[in-house]
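Labels run A, B, C and D following the written order; every chain starts at residue 1.
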């Protein structure tokens, strides 16, 4: 069996394990104030071109989203996002658990656009009973989205303009940030993301780390006392060094982007094969997630040798599925899959 | 100016004020354990045909909804409701404030049906990553709905069957219960409501009381320690007697239903006049709320002499509005409005 | 039986009922934006000498405390108060229900002092692991306290200095404010309270209203969007006029203070009688609550004719009890009680 | 510099790193349902003698405590614990963040006893206004405590009896469980803990793992849907295998207890040296934490070569400090410290 269920099926990139081994007996203070974390912070600020950003390391994505969002909102505010957004669909209501409504907007291929956001904000503020309606206090988007799609630079700039007009922060969930930025269809850089987002995170878990997400806070008002929020939400790792070591490794010699680029190359290979064989796609993802629509017959046949995720029924005899590539995927694995299609 | 903004524009039915006057100097214990409350409980149980129900009195609807819902759900559960449901649209996220997601289903004229509920429940439970998705733990419907429409007896029975199958309680928000039950289109009684709902409330605020909602709990597991929940949610009135006196008055000599019937009669009068003059309706409400679609010109003209609520833009030159009748509405007021149409 | 359990045993001061009667058929918009509320706001601002304050009316004390406190705190902040504080001891964890820790300080006779507050704040901020400790974000005190005691003007000024130094708002719970301000031992006025507190509330429920608490917000940062918080916490009364009418009545012709002064006079009468008969007191309350220590024998004997609250066991044969006077207490009732002592 | 700040200063026990290396390229499903986790579950059940227990792996202690506690409590319930309990003192109000009050009891050397718990429970339930008071719904104790002290078997049995009488679950925080169980003063085994606790956790972070806590649930009612709670609280690690691998390693060949025993031996060595040199102790910890009282002079002198935590001022010229030993502490390090004392 070769598994393509997700991009977190294996341990971690070997370079990370090597560094953990090398540093294992060093004594460091806990909770993310050690030298490894500071070193990782310095590299990330350099890469992002944001010398004044605050960088925090958390363990996982759900925790990161709930912490960032709940720390930014007033009690009566909610967070706008696409209906397919991870916080709306796949985090067991972690945001609501902190007391805030997720205000879902119907997206297209996982994306929402500036005018939808404008409409949502103006509708709430212009409603005669506006105080009876949750006030949007933040915009959450994923880059790339949960369907592997990406925003263009212009789309992000337009979205940011609306956020700025209404004075709400833009939060970008970058659980798979590298896959987006190294996609052949991408027209922006991590410096662009860092310049546009008020706060975003760089995902480690799905890009070669054992675990870990690096939150980059640009907006001044979101920086204050953020470590209290991390601790209260259970995201402050005692051995915080583990996060520093991993991110320092990923952002040394461009490793983070190399990993992603290779996963994208293999996804493209698979995608091209699928298309040439006449398969339709659920969404036009240009990143490491591939969403072909299979006949039930074909799906069953493939399932004997390959692991992949069922994504949703299309009709009585077809289902959309997801194949993910990652740092650990090999040409051999993809070739086997292509051969079986 | 004659106002039709809502059904809570005046003080209260004169009979209630009279009883408050008569009992004003009686000394009673606080927090709803006094004789007036017990008397009201006895009458309501009698009227509902539910001798074993627990009856609690709270002050307002938002508070009642949040208290009932949060006391019934596990932390990881959410409440299903129509997108137009009051808890989803007009309570500033009070349910989410208690930590629970509102799981909105697209309704029709404010109503949802049994198969939608079945689909939502089976989809969540059958999802391979079901633990990452909020589990529906209760169904909330409004009777009548926020658009004044009502469910038939069969529709409610079908909905209840699905709830029973999945073992989730059915909660009926009866903020305007009397208007529904005395509608000419209604095919059920308060005894039917009480037999179908696991928990429901009888609205006082919008039906002639100064304020107050009576929660009727049938399901055994929802009864335990409910008074703690009321207190914690700020709904336990110190002078609880005020609620007992009001509900005892409303449920003596059928006053609650007489009030509603008369309001419905006046709404019908208005509705018939509107229709005979060719106005379209936003929704076919058979209760005390009337939702005609007006040209902007007409709306502006009427606004000089009458108060009514804008409900939503229909197109560039038309808007849907709401007129409400209540215990205090008179034939003269409705006749004036009809004359101006 | 004559009941002295609390100061909310009867309906309301007759003047209020009269006004409710007179205004019953007036049509007003809901939710506290009507003319009666605005009139009450104007009078209260005048009385308090705070023309720039925001005034909001809520239904009950628990709800008011939770709303004010949760709207002022960041998620990781808690509220300092005395262990005997109402929010710590008698509100079923309503503050914690909104996500915030109550940071209780051991008081004396219900009061805490400036140096305790200073110590708590400096201890948290100086702790090497300060981010692991809840940050105090507000100070809550009751005036008068739950034991009927009152702060001197100097004590309040000292407390406020500490709050200002650490930049946390001072919130005064005035559920029984009038009883404190008209006590013979009081050396301050409502204008002093209004000048010292960042936010406070004027209690109606325990001082002659049917219900209702008037929140006075002085601090600019606490004013923004407060109505959203009221709505979300279930405290926004649909027929908000009821609160406006009641507070306008109470603050016309000094009624609020007259009620309290008379209740204090009767409490003094009882207190003097108790002392002259040799009873000890649990606390030296100079307001409308009286806390004598009775032998179990005496308590049982009195309980045959009078209602009063058990406050706590003192030893094997004695218990502290509470007698309350109110707007409705008469000289005859107190004389009967004194005769029975 | 040699650091004794805590027991989580280094990476992890080398055996764990070796296993991570060996398994790095295996493909496993995420979220803790992989074979490594199942293997670890089987070993832990065997070691604990609880074949019917549910075992879950979470990342850190604060998260584990908040998840276990909030999943067990009704909204109006709180959790009893010692004032020094980690949840009360060092988790930034994470429990309150989930809506529940921590009901702190004054302990002695970090411990509370059965009669205190009985008193707290009977006081709340017997209070005439019991619904206005948070209901204790769980008891939390730490074994060993935050001061390194341990309960005897009889003490735990007595505590459990009270919990059973009032039908509240007993939760034991075993962040340092091994250090307690291998203490020379300990009279019980992990099987005893598992037989007494309704739910407890076995700490990994402070006992040689990179991170991780293993929750053992015995009580049937606490088992249902627990994975939803983990996910919602951000504790479900995507690469759950990392937790399975670590705990399987720690519980193979008794490694978990060997690590702890050695740390205790070194702590005893230090303790004996301190005592023989006449130092007083803040608490009589028989585990891996040592709390001597140092003169400020001595503390300053030691701080030049050793890292340790200030625990609290004793008087004007003395402070209590904490030295921790761990799996990584060596005889050489302790000997250096002893020489410097």
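Simple rule for what comes next: a contact is a pair of C-beta atoms (placed from the backbone, for glycine too) under 8 Å apart; a residue touches a chain by one contact, two chains touch by 3 or more.
None of these values were measured; they are calculated from a predicted model.
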Label of the chain whose CA centroid is most distant from the centroid of subunit D: B
Between the pairs B-C and A-B, the one where more C-beta pairs touch: B-C
Interface copy of A-D among B-D, B-C or C-D, judged by whether over half of the contact pairs recur: B-C
CA centroid of subunit A to CA centroid of subunit C, Å: 49
Distance from the mean Cα position of subunit C to that of subunit B, given in whole angstrom: 33
Averaged-CA centre spacing for the pair subunit B and subunit A, given as whole angstrom: 41
Contacts with two or more other chains, residues of subunit D listed in rising order: 75-76, 91-93, 97-99, 131-132, 228, 231-232, 236
Subunit C residues within the subunit D interface of the complex: 75-76, 78, 89-93, 96-102, 128-129, 131-134, 309-310
Contacting residues of subunit D [partner subunit A, same complex]: 1-3, 5-6, 8-12, 14, 17, 20-21, 23-30, 59-64, 66-67, 91-94, 97-98, 205-206, 210-211, 228, 231-239, 241-242, 307, 328
Subunit A-touching residues of subunit C, taken from the complex the two chains share: 31, 70-71, 74-76, 98-99, 131-132, 135, 225, 227-229, 231-232, 236
